[in-house]
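Residue numbering begins at 1 within each chain, and the chains themselves are lettered A, B and C in the order written.
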Amino acid sequence: MKVALFVTCLVDQLCPNVGMATVEVLERSGCEVTFDERQTCCGQPAFNTGYRNEAKKFAKRFIKIFENSDMDAIVSPSGSCTAMVKHFHELFPDEAKWRERAENIAAKTHELSGFLVNVLGVDDVGAVSDCKMTWHDACHGLRDLGIHDEPRRLLKNVKGIEFVEMENADVCCGFGGTFSVKYPEISAGILDNKIEMIEKSGADTVVACDASCLMQIAGRLSRIGSRVQTKHIAEILASRE
Amino acid sequence: MTLDNAHSDARSAIFASIRDNLAASASFDAIRNEHHVHAASELALTGSTIRDRAEVINGFRENLKLLGAKCAFVENEPEAADRLSEIVNVLNAKKIVISDSELVHRIVNASGFDAVQDASREELFASDIGVTSAQWAIAETGTLVLGSGAERHRLVSLVPPVHVCILLTGSIRQSMAEILEIADPDANRTITFITGASRTSDIELTLAIGVHGPGELHVIVIKDQ
Amino acid sequence: MSMTHATPETFDRNARRALADPILHRALRNLADNFVVRRRNVILSVDDWQGLRERARSIKEETLLRLDKYLEQFTENAAKAGTTIHWARDGKEACEIIVALVRATNAKMVVKAKSMTGEEILLNEALEEAGIEPVETDLGEWIIQLAGETPSHIVVPAIHKTKQQIAELFVEKVGIDKTENVDVLTQTARKILRERFAEAEVGISGVNFGVAETGTILILENEGNIRMTTSLTKTHIAIMGIEKVIPQLADLDVFLKLLPRSGTGQRLTAYQSLITGLKKDAEDIGPDEFHVVMLDNGRSRMLAHRVTRQSLACIRCGACLNACPVYQQVGGHAYGSVYPGPIGAVITPQLIGLSKAKQLPYASSLCGACREVCPVKIDIPELLLHLRAEITEGSAGGTTVKARLKPKFAESLAFKMYGLAWSKPAWYEFGAKVSRLMQRLVARDGKIGNVGGLISRLVPPLGAWTAWRDAPVVAPKSFREMWRDKENDAR
């Protein structure tokens, strides 16, 4: 299967190893992965803050870059960015042609764990790890894309792992994009509840499919001097030791 | 401007606003696949399994118990009267108010207690027990349904601290949907649904029973002859 | 200054104050923990919860698309049964109508059943100004009336108060010995309010649903105060938002399955009253006069766009409040408006004007928990995003409340620059290189701690982030650089 990687600006610049791990996992699962260097961002920050004109420009650019490839699928290590692509069509209320192109792109775009399990039919990628880990259900992945069972299946098949389900795994971490800096106190309050549940679970690693949630959670864990690590699911699935 | 003029102005203005704004949304509606619009009459009642009478009556009993309502299933009116007597004696009740239901009259007479019908406000607020019947009941929730067309129930079932409700097994239906189908809102200008005792969780979500309505509900179900 | 005088315009200040209140924190935690469990359990008693939600949404959609027809039908049928119908374009007009109706009875006191619509139009203030005493009879509403506050929740108005606070309030205002025993407190309230009921001649209530087919209104409750208010009095005045109408009596079955479960975790509330006009027999129990005041107050405007129209589907269950991580942190008063929480964040700007409530649509992480629990499937995140676009650009494809709002200059500029720079990969990569350089000023051990001071003022988002969290650094090599290396190695 030919896969075009949509790496996302966050992963590209802040945690590029997640991008490398994503490629590794896809290749190990039998995909041929290409990366189109013209890509930058899906425009989610603009859309979420209400700057639809800017968001539309990003959307058009994304569609133009990805639609002509002969790829079978576009795969991304981010639930929220994938969800944004699914929402592109809302930016073209008066432009039927663009709406159609947006819907076509959306149909081909997948988040990594959903792609592995639902499209490739794979739930064991031969990974090995000795973490005691818990899963955080990132909001867009869960509620926009329906990603819930897929990552759990993939992770439980990792050899050596101990998986614990935390309470309120499906409750927001408090990031919400610009919300995290517009209302930082509220964001921190929500985050502290998440940290409480992580600690209560006894896990030493928190895993998610969204680098933004992981950035939020890691930022607080680090600030309070916690030993708990954060890892993106791609990193766990790519690991061999 | 007279009240009438203002009234018709307001009415016209509101309807005009509704129509204008609906018209404005039409172009946006055409774009998106709307939620499939059902004409209300097309909506079928959720599939209800056919239950036999015994099942329905038992369901009613179980759900009443879950609500904490005391219930007694009796064979005939004399037994109902005995049950009522028990309740009155245990509560040491002195003042009983009743509705205009003939069934209630018969039972209360048979029990030998004095009771007041068409009680005044003072009498209602000073009473210990209110006795009514019920026109229907809902098994799936343990609900009593009282229709004002058949019985003057509104205050007798509400003001006294204890409510005793006497009904026939034949009045019990399985679901709310059935009641909504058969209850006639024109004949019964007030239909009251009662599910357990009065309650609140307004203070720290802690349950407290008996706020304004009765804190105790007794149900006596007489087998239909 | 009391929290209850906060406005939506000062949401950020209100929120900060709320977050610093440990008692409020405890009360909200109690609500959140309880609600999740109760709702989850009670939904199990329904065969097809999702199907029910879908049907409810369909009924509402059908009704709203033909709202004029259904309102005509409802008011005609209600009038045929003896109801006197009144129309109010806004809250002020509604209050005028109601005050005039009460004055006509010469009553100096009215008993009130809980009505959020009544709160919306500031009815109590209007009555008091007219020399009429409004007595709230719902326990939660009576508690906050004693405290001189406004409700902080749609369903449980005093949820922000702990038992201890309520106990102290009773000592001060009622004069009983201090007790935190909920039964004692409740019975005390009952006794006092019964005395008011015993002399009440006029009752004012809200309406949960109005049935067009029969002209019937439905009101739900647990306490019995609504039945008292509507049965003991000679005059019953009901205030009804125009969006409350539904087509048929049979439709009530759907909503009666959804509303109690979503609102209080019950299968059914203790009492439902279906009232159709006046009693047929003059000798019968019940009011001699029944009035329904149909209220617009900005609702008809919401019909102008598919996205905003769904605001009118709300059945005021409060589930979205209970599920919302933001509400759980700051409580209802922080929103500074009658309707708090997620539904409040979307209808308040539409009711009072975007310019007066422009913070509210941003007070959300867009997590979608509200959409998940809404019994009528209102897509609140979609609505929030729609309003954000209106605030920022004045256009989201059809506006409901046109407002020329001054854009936030710095933010607007930042987003335009982001849009421009990131449309060209070369500029995007250049920006990353610059960031790598600049971050040396603030990075230590591979992360950025609390930047504080000057830098916080120059780059506010960085200051806001790092006040509570460490920030990651831009990686020395980006993914695309690693990819290029990999490609080059392969050659």
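Before moving on, here are some points about what is shown:
By our rule, contacts are C-beta pairs under 8 Å (C-beta built on N, C-alpha and C of every residue); 3 or more make two chains touch, one makes a residue touch a chain.
Please read these numbers as outputs of a predicted model, since none were measured by experiment.
A simple rule picks the central chain: find each chain's mean C-alpha point, then take the one closest to the mean of all protein C-alpha atoms, which gives C. Relative to chain A, the most remote chain by averaged C-alpha coordinates is B. The distance from the centre of chain A to the centre of chain C, with each centre set as the mean of the Cα atoms, comes to 31 Å. The centroid of the Cα atoms in chain B and the matching centroid in chain C are 29 Å apart.
Distance between chain centres (mean CA atoms), chain A to chain B: 52 Å. Shared interface positions of chain B, i.e. residues touching 2 or more other chains, are given as 28. Among the residues of chain A, those touching two or more other chains are numbered 93. Multi-chain contact residues, meaning those touching two or more other chains, occur in chain C at positions 397-398. Those residues of chain A that touch chain C in the complex are listed here as 7, 9, 11-16, 19-20, 23, 35, 37-41, 45-54, 57-58, 61, 93-94, 139-140, 143-144, 171-172, 174-191, 193, 215-216, 218-220, 222-223.
Contact residues on chain B toward chain C in their complex (touch as defined above): 3, 6-7, 10-11, 13-15, 17-19, 21-22, 24-25, 27-29, 32, 34-41, 43, 45-46, 121-122, 125, 141, 143, 148-149, 152, 154-155, 158-159, 175-177, 180-181, 183, 185-186, 188-206, 208-214. For chain C in complex with chain B, the touching residues are 27, 30-31, 34, 47-48, 51-52, 54-55, 57-59, 61-62, 65, 67-68, 71, 81, 86-89, 93, 100, 137-140, 143, 156-159, 161-163, 166, 182-183, 185-187, 189-190, 193-194, 197-198, 211, 214, 216, 222-225, 227-228, 231-232, 242, 246-254, 256-257, 264, 267-280, 284-286, 294, 296, 300-307, 309, 377, 397-398. Of all the residues in chain C, the ones that touch chain A in their complex are 12, 15-16, 19, 325-326, 328-330, 362-369, 371-372, 385, 388-393, 395-398, 411-412, 415-416, 418-419, 422-423, 425, 428, 432, 435, 447, 449, 460-461, 464-465, 467-475, 477-484.
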